[in-house]
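Below you'll find a set of structures to go through.
Okay, so chain A shows up in both of these, paired with chain B first and chain C after.
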Partner chain A sequence: METEIPITMAYAGQLAGVVGASEETAPVPLGTELTSFLRDTALRHGEKFQELLFDENEQLRRALVISIDGKHALDPKALSLTKPCEIFIMTPIAGG
Partner chain B sequence: MRPIAIISLLLALISIGDACKVPVFRYALERWESDAYRAVVLYRGADQKSSIEALAAPLIEAPANLDVEFLDVEDLTEEQQWQIDDIDEVGTEPQLRLHYPHGSNIEAPLWEGPLNKTSVSGVIDSPIRKQLVEAILQGSSTTWILLQSGDADQDAAAEARLRTLLDTASANLSIPEGVVHAKEVTAEGTTKDGQPLEMDDVLRTEIPLKIHFPIFTLSREAPDELIFVKMLEHFGGHSEEPVAIPVFGRGRALEGIPASALSEASISGACDYLCGECSCQVKDQNPGLDLLLALDWNTKLEGTSFIVERALPALSGFGVAEPAGPQRASSPGASRSPLPKALVLTLGGILAITLLGTYLIARRQSL
Partner chain C sequence: MADKSKLTDQDRSFYEWQLDVPGMGDEGQTKLRNTTALVTRIGGLGGPMALSLAAAGIGKLILVHGGNLEPSDLNRQVLMRHDDLGTPRVLSAAKTLRALNPNIELETIESHVTANNVDDLVAKADIVFDAAPRFSERFWLNAACVKTGTPMIDAAMYSMEGQVIVIVPGATPCLACLYPEEPSHWKRRFPVLGAVSAMIGNMAVLEGIKLLTGIGKLSLGEMLYLDTLTMGLRKIAITRRSNCHVCQP
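On to the complex of A and B.
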């Protein structure tokens, strides 16, 4: 059976507005790539959430600040989720 | 994979490998120009022009990141008038509309009202903005504006919580290793112990480099701050809760964090980004939006800046070599890195074009 770990997403600003909460926790298969986890999270929360995180080429937006347990992820595309943690994302300020 | 995605990936990889040691907050202060806000003065009739220009003169003269436009609505064609919202509101009284910088993609004015001495001074500056500027010039890593809700208990609790979280973050953070003070650079472009260095790792000013996070509380009702409070709305300031907004560099603000989202993860995450190595030196590829502040940063920072004078190596193979002159620290050509940045970017560009060409040829052949 696949091992799952709890991952907490902390939201502020625009993301909190879209989700309607400042925090949520979900079980995730051990070793899931961070990008894949964020893609799944975006699918759950709809188009606006997806637009905030991913560009038109479905790549993670460059100007996001993603931190894991309070540490800024310099290269989020290279990361996998290997232990329970709290992920916080600041979105760029733009658009009306 | 689509060609644009391949190029994006390559450019991203190049940037990641190119992180500099100067913290983001300091890199932004020394190297990122502020984006200009736009003040539009709308009036009706040429007879008003001179008096309006005199009233609006401080907007033009202020050392702020602000462009000013004058529009006589009577001079506009019907088509041009259609492009301006609520143009009918411009009556006998001239109007002032303040817009975020173009890069924000926000067209609607963030504030509009009558053009008068109060509105002009409120657009240009305000007491808390002066304090922010002063704190940044004193070396604060990031200043935090706590935009109050108006509920005294909530505001006090949010301030105490933010203070605790910032103290925790400060205790766990340090300036990245490898930051070089300009005084430590030799004429040969090495450190004093002879190590080669990247000029992007060199500080350009004498402003103290430290981890320090002051908090400035701001009431939404402060009469002198009404326009600034409106400016903060897009940073999460529309929330009914207290909101903590980090400001760094030359007044660049990040998305605000409402009191309900104040946590170790959010505050330490933001502080770690701001105090960490600047992984992407391109301003537009970093989060945030500039605030409107009344300071000519280039002139102000010039007074504290270092110029690293370096002897250039003698030219060979191109005729008579001239004696080398001094060079500014900012010159890309000054780098003595084993693999100069320009070379890396050029090779990356060639690789991207080659891949794109291969993809297009393969695609044509498959049709």
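On to the complex of A and C.
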């Protein structure tokens, strides 16, 4: 039987508005690649969310701020989910 | 020329309440008075920044902002007045600041930061407060600050949230470590409440005053993120990119 771990997503910037919540928790198979998890999450939340996370080549946008348990993930593509954690994800914001 | 190394009786009467803040005293106040701060721009975030810096007795403020005041600015741009609609925002801001504290020096630049003027602007300042809405401006400022070793406090906001990053060249990651490229889908027009921009602007000023005076603990290498819907404050440890094109040799 596949082991699942709880992953909490915290959304900031435009993402919270698109999801309609600033946080959600989902069970995820142990060892899932972060990018693949984010792709599944994007599919669940629709086109706008997908567009905010992924570029036209379906690559994670580099200007997203992603942190895992409070630490900035410089290279999200290299990461897998191996323990319960909180993923904070934020679209870029500026002044005005 | 007045001796700026000592506080006058007038200074003491103005800043009496903050001189008693532990660690501030004459020494901290004198450091503020001997500081030139560049604030760009002076809208929703930069306006409250300039206001609090002026109230705190910063020596000189350089205000950088192009364009005239529009009705839609007034929900958050606290230095502006209704009577000034249609006139240059930077002049309206300077008028308010002069009325608040006539003892500080003000320089107004009626233009935004550009690739051409950024080096000259940053060269005039001891510290930069960045409240620019365009990523290109923020990146130019970041690069100029890294090049000259000038500390920069970067602030940003969206809706009911905001973030502050303290950049001390050589000691912390820079803005390009956080944002390695300009976001193509960023839109200049976004939702925000004035109270949020004032709060985030003042968080930035507090970090700047701590940096200048040495009081408290600075948030170095962290992004401060505040969600005012829950009043939740997060500190996200930012990592320096080994291949950062701005802060790595």
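The rule we apply is simple: the second predicted complex is superposed on the first by the 92 of 96 C-alpha atoms of A that agree within 3 Å, B and C clash if a C-alpha of one lies under 4 Å from a C-alpha of the other, contacts with A are read in each partner's own complex, and residues count from 1 in each chain.
Note that in this section a residue touches a chain if its C-beta (ideal position, glycine included) is under 8 Å from a C-beta of that chain, and two chains touch if they have at least 3 such contacts.
Please read all numbers here as calculations on a predicted model, not as lab measurements.
Chemist: Given the superposition on chain A, are chain B and chain C in a clash or a fit?
Modeler: By the criteria stated at the top, chain C and chain B clash after superposition.
Chemist: Classify the contacts of A:90 with the two partner chains as first (chain B alone), second (chain C alone), both, or neither.
Modeler: Both chain B and chain C are touched by A:90.
Chemist: For A:67, is the partner it touches chain B (first), chain C (second), both, or none of the two (neither)?
Modeler: After superposing on A, A:67 lies in contact with both chain B and chain C.
Chemist: Report for A:52: first if it touches chain B alone, second if chain C alone, otherwise both or neither.
Modeler: A:52 sits against chain C, while chain B stays out of touch.
Chemist: Is A:11 touching the first partner chain B, the second partner chain C, both, or neither of them?
Modeler: A:11 contacts chain B only, not chain C.
Chemist: Between the stretches 296-304, 314-322 or 350-358, which region of chain B is in steric conflict with chain C after the superposition?
Modeler: Superposition on chain A puts chain C right on top of 296-304.
Chemist: Across the two complexes, find the residues of chain A that touch chain B and also touch chain C.
Modeler: 12-14, 16, 22, 62-63, 65, 67, 70-72, 74, 88, 90-96
Chemist: In their complex, what parts of chain B are in touch with chain A?
Modeler: For chain B paired with chain A, touching residues are 2, 4-5, 8-9, 12, 16, 19, 103-108, 169, 172, 234-236, 253-258, 260-261, 263-270, 272-273, 276-277, 279-280, 284-289.
Chemist: Using the touch definition from the top, list the residues of chain A that touch chain C in their complex.
Modeler: Where chain A meets chain C, its residues are 12-14, 16-17, 22, 51-52, 55, 61-63, 65, 67, 70-72, 74, 88, 90-96.
Chemist: State the interface residues of chain A toward chain B in the complex, per the touch definition above.
Modeler: Residues 8, 10-14, 16, 22-23, 57-59, 62-72, 74-75, 77, 86-88, 90-96 of chain A touch chain B in their complex.
Chemist: So in the complex, the part of chain C that touches chain A is made up of which residues?
Modeler: Result: residues 41, 43-46, 130-135, 138, 155-159, 161-163, 178-186, 188, 190, 192, 197, 223, 225, 227, 229-230, 234-239, 241 of chain C touch chain A.
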